[in-house]
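Following are the structures in question.
In the two complexes that follow, subunit A is the common piece, with subunit B as its partner first and subunit C second.
Moving on to the complex of A and B:
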């Protein structure tokens, strides 16, 4: 059933634009992404190099730490397929979003023009598939990819209004890496976005929570049946929550907890973990009309403040960002953000090298770069939120133009003050 | 800002900016040990000198065997190691000899290394150094106060021998078609520090130089140099200098400054190319602090001459100091610039100019970024007194990244291709590095031409369509609704180039300061000032300048400067990459060249 809806959604896009070049473009982009990944997997040295980088594989997501059960070729193909699937789902989400925004309030722009549409699905998929972070974590076989896939699938199903599958995907993501559990809020918002009656919304939310709990419980039960004991709880979620493995990574936890006396550890762990989750409530309340953006922002919060962040998290939120591409032109610090990301991703391996191999640097070097990376992420969050708010303002209180001089009424700085 | 950075860089060698070095690690206690090297050992060393002189003319294998016997005679555990190494231009094989003195009071977990290579820096047999090793082995055998094992290594070839030995010592020996390294039969603990001796010939010397720059510009802990300096000051007086330049001291300030500048430039040159100045550089790859002591005789220099006797005391005293270490050298500086044996400039003083250089790149990039937004029109409006200038929350002009990003992506691919071309062997008959280099130059110039021509064609098409669009516009509506044209492609491309240059210069400075400075100084003026122009002559001048600073141009200049053949320079760079794993070639091919190509394309883009 799901497949048929996908096809119809795809068909509608095909009908809307000139069909052949679009599908041709899509096949070109997806096959290039496929070829690139398969070509890169041909260099085993690169795979081992990337899989060994602390920026890419954390104790939680490292492929080395799971026992390989099947042949490497199949595993590699699985990673590539998941990546391509995420790209496909992102493009489908964009299609659904475009349908939504067709109904939404139109924004008039300077010179009485209607706002240009944002990126189309193919562009969004391209941005995800050719993001260096995505490629690196795919080639490095970081298992964060599966969690990312579940997250994107949850958002997609939420957009489509498929309650059961959406909740199941979110539950699967939470089952894989715990933090995505908070994405239940934006996905419920997505599911309920067309309901106008308050009671209906409440009913929907209740149903969703029930389905979520049910699927999570059944997943746990399934692992219990497979493993034969409840030990996996402490070894999986215990490690995530208690941050017991302090291998350095790009996050903010390890440096802090290495230095800490044991008696303070539980308190600070509690504070740090609450800090990750606490954003879910205010963000979802304030931005409830933009559930997609809430999903993006929560993913960024997760990727910044969780115990074991990696470039795989960056690939997720940077993949979700173009879904809100209409806010891009309101952003003010694009140049700065891009530069911060570039610098931190280049300097992190260099400082790691200076610390671990050459011995002339030390842990402070690497942690400083982790901080720079964190600052980049935080500025990204602030700037996108600002851009969204600014666009909202523009939509809700359009400038009063008399029509004679289109520039009149556009000097909005006055109002802001 | 560029000027500030320049002045700061030039001020670095000045006395006021450098400090006097000091021993930072208290455990070293240089010169406090009672040295056991006495006159009879000096005589023994002279006897060994004759033996070494005799066997140095033998083949690799035979002389290694003979030396092994000599070490065994002293009572040390000695062995030899065979290795072969095939590079794309050369095939090397040789035999290393090594011997271990097991310290009576140690548990064998730590060791120091004394090494010498069969050939010296000046390509003559390294006779005095090897006989010194034997004599010192004899002395150490008598001593009971060593807490670290001492390993004596006599390596074959240039750097390849010691490299093979170090690889095998750390258990990384390979047995492939390209390189084989025999497994070591005698071992000791983790190497804490190493001294490499380079005393060629059989005579006396009147000066000693310290070489310390390692692979990729790595430096040993400054305490290594400080220890030797402290010992030569009092215990075993020897004229000590950096490298092999002896510059007389003058009280004249200007001259003094110029001398410091010269020494610092010397060091930066060695550091920038990334090839070690001696075998000590290889130890640094394994986190072992090491320096090379180089004895030389400068005719007409006033200092007193020293023989094997004083040399022996000096080296023994240094080894005894290092023997005192409780842990790895870590107290003193790892990042420094030396303008004399006892004058250093620390990282806090020399980093700012590079950062300022990087920031000046970023600032110009930012201003160009602003230029590609509404800013220019807004400024024009305010300048015209039009107070009602519109301040929109977003930019009306859209930025067009297509040309810029595709040019950068293509030049990166071209750079990677050149790197691949240069380092791979394809097995064609008559395949030489120079030929491959010519091919890669061809690839690069093709890229530049195709990018420029396609950009021009695109520009023409865009212009014609916009003309059509304008004519349609005029008939339908007022011109006020017309969108302002996006900024020219070259502005966006130049923004990217500048931002990337800043990124490269600043990140590289953490790894290899001197290389970063040289790249920064080379590119700062061309990349910041060049822009497309209507005048053909100006474009031509810019292109010529860019070609001059492109890798082929620089190589040409380097070969002319050292009056060598292009192929020799290329072979040297390739060998450094293949044997030692220096990053000069990858950096130039994958980072420097792509930016250079992009800059050339930028200069040739349509002005509009």
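Moving on to the complex of A and C:
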């Protein structure tokens, strides 16, 4: 089977040749996003409402549980700025990725036509900035935003090849919410993606791990100096790992551990936490050529199976998803996924109200919605992974088109073996 | 109309001489190194607005235990655990449930009451003010522990061990009136034991322990037939047939009703042998009392007939009884709705004509997460921005999940004739299903808050100094009543001030409940969802794609057709 490479670099440079309308568009998008957020912050009732929602604020990320500040305006601006920065970084990541893919193997389909390019940076940023989940957790002042920012910064620096900052960002994210520690693998993959020599890769990985450990240790030391004791360790990471706060959220842990028999509790906590981390290894090995996708998938795994997930986690992985937009046409359950997300997001507040305020429902109502949301996330992960593998297969073994039926393109029948 | 009977079965003696002092208590104090112990069982709620202040210290609904223990923190922790468990066995109460999650160590309230400590300080009033530094004057470290069980029901099984501590049990003396059927059929019932060290001489070289047992009940005499007439035998369905031979004094003291306009509305049968006496130095605080000395009565000519006492009202009801106006009244209630979050509001009314210093102590269980930044103060309905004028000191201990409760202690200055209102909001915690009580939807009891204040004495009211106050009436000549004690009492009497504790209402909070029938379903469903992900991901990670050959497809179809044909 002959591999055919079609260079599309000329095409993409042609597209990027007109910077003026693009920067104009960018300024329109970002200023609209800014205006929208500032306008929404003008309603303190909305801020309080969103900050009190269990879907947005978890015990770990709730703004109310932090020390209250006397300058709400500055804090609000900080949240808006962080959100816009994430949008900007996502668009920059897309630009870098487009440069990469210009060199990559192109997929031939429908005869000799080549694959259409994915979303451009501005679209990716728009997708993030105008995602209702993003806006809700920004207005609700969920502190997950800072963790998200560190994650995206880590990926961006990984794409740019800046070892130090990339590792520091990942360490900061891990420091803020522990689980992003596993993102060290995709970011190292990103940093090493252009190294061809095996030894260089190993050296790079070793350096990265050292920088990561060093940054994390210095962050802990800094908190020790500020707090004056190591108590924060058990109160922050103990709460994350032991899931001692059973306030409901859209995750799978809270009701499980409310209802769990006492003697099995440690066992299941161990199993569930290992289950979150364990996917970092197989996914990174199998999909090592797609580090961006690995980052997305691991973020989704975190957002689904962590102890205290919120819409803020969804805003992160839904923001990273368009970075791999070229796989969208291989997805089979897009409609189902969209519906599951819509269904659970709309019904969760209603069922919560029925249980906690009206009393005509019980805990099972909200738990069921959490399950539906979880299933939505799981199908999203499965379907995107399938789509990526399918596209990979398409690139590796393109259909024989000369003289054959053109319908044997990307939608040809395949089986997994 | 109400009637309060106060029984002071005080039995004081030197430690380890168990002829009067109950051996069980002595051994407990000895083995757990307890300096001072106060245990109160209460059923019902004291209505301060209607009844004034109780004569004997009575606590909020449920059981209240506080003690000063000797030793360092670790030893005190172990001893406190032992103490609660042992007392639990002794009094047949659930005192063993006072564990770390509800035990607190107040910093401002519940100071030493032992006269030994009063004496050892430069001035007795220093101990009553907001001086937190009481430990520094004594050599060995002492630690305070306080715990309360608001949901504890007090009943016969608690009364019996209490009676057993008395030297004459319920065989003789006032204690023979204690019939549980009648005692627990009242509007308020409270019984307590108070143990404290006292000095025998001026320089406090000889110390002894004092045990005070009190029972306070409020009878509603008009409940049965609308008549306000009462007699001891009707109220208790028992009679006093003899005085306790072991007692030094045995007296029934009656506070006579304060009627404003109409004199001689009632008749006392029998009339007290020494006539009506008055106590209190000023016109404002003057109080008429009738004293019946049982020792004298039973040693006289009427030794064989039981002691009878009754009061008859003209027209069966009193007219123009002076209303009591307690100096400080406090109420506490929950605000908000729903099972997610709520608020706590405390109203403290100061009816005095002068500013009053008071200490507010509130213990909230860990499953109510307080947000101190929502703390606000209103004075007479106006929100104050500056708390400094009212709150002189603030001590707040945040709760730790499943380990310790939240404690809020405030040293307040309550302006004259004012209403101070605090509000603070909290989140309700979602508990594991095993942490809910069997009647989960009833909710959790939250213990009362305590306000400690020095109040000017008012007519018809004897506040917390009452125990000492009563001793003066009794003119006890026992050699135990020493000069140091009298000095302290005399000083309090001169100031005409009483240290009182006002207990607020016990609250009931309903927490969100899970579905208790669901454990297996939840485990199954959650694990299914997780397995769905794990299985699919495993599948995707381990298998590769392969094109379904067109020819193979055709072959398969052909085969199927053939098979169909053979069938």
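We adopt the following convention: the second predicted complex is superposed on the first by the 386 of 417 C-alpha atoms of A that agree within 3 Å, B and C clash if a C-alpha of one lies under 4 Å from a C-alpha of the other, contacts with A are read in each partner's own complex, and residues count from 1 in each chain.
Basically, a contact is a pair of C-beta atoms (placed from the backbone, for glycine too) under 8 Å apart; a residue touches a chain by one contact, two chains touch by 3 or more.
What you see is a predicted model, and the numbers here were worked out from it, not measured in a lab.
Once the complexes are laid over each other on subunit A, subunit B and subunit C both fit without any clash. Within the superposed three-chain model, A:347 lies in touch with subunit B and out of touch with subunit C [touch as defined at top]. Touch criterion met: A:357 reaches subunit B and subunit C at once. Contacts of A:275 after superposition: subunit C is touched, whereas subunit B is not reached. Once the two complexes are laid on top of each other via chain A, the angle at subunit A between subunit B and subunit C, using C-alpha centres, comes to 60°, given in steps of 10.
In the superposed model, A:390 makes contact with both subunit B and subunit C.
When both complexes are overlaid on chain A, the residue A:335 reaches subunit B alone and has no touch with subunit C. Using the contact criterion defined above for the overlaid structures, shared-chain residue A:244 touches subunit C, although it does not reach subunit B.
Contacts of A:199 after superposition on the shared chain: neither subunit B nor subunit C is touched. Legend: residue contacts after superposition of the two complexes on their common chain; A:371 is shown touching subunit C, with no touch to subunit B. In the superposition on chain A, A:262 contacts subunit C only, with no contact to subunit B.
Set against each other, subunit B and subunit C differ in how many residues of subunit A they touch, and the higher count belongs to C.
Annotation: superposed on chain A, subunit B and subunit C show a minimal Cα-Cα gap of 6 Å. Judged by the document's definition of touching, subunit A residues 357, 359, 390, 412-413 lie at the interface with subunit B and also at the interface with subunit C. Note for the complex: subunit B touches subunit A at residues 218-219, 284, 287, 328, 330, 334-335, 362, 365-366, 369, 388, 390-396, 480-481, 499, 503, 506-507, 510-511.
Across the complex, subunit C is touched by residues 52, 64, 68, 244-248, 252, 254-262, 272, 275, 279, 282-283, 286, 304-305, 355-357, 359, 362-364, 367, 371, 374-375, 378, 381-382, 385-386, 389-390, 393, 397, 399, 412-417 of subunit A. Looking at the complex, you find that subunit A touches subunit B at residues 110-113, 329-330, 335, 339, 342-343, 346-347, 350-351, 353-354, 357-361, 390, 394, 406-408, 410-413.
Across the interface of their complex, subunit A is touched by residues 337-341, 371, 373, 401-402, 429-434, 512-515, 518-519, 522-523, 525-526, 529-530, 532-534, 536-537, 539-541, 543-548, 553 of subunit C.
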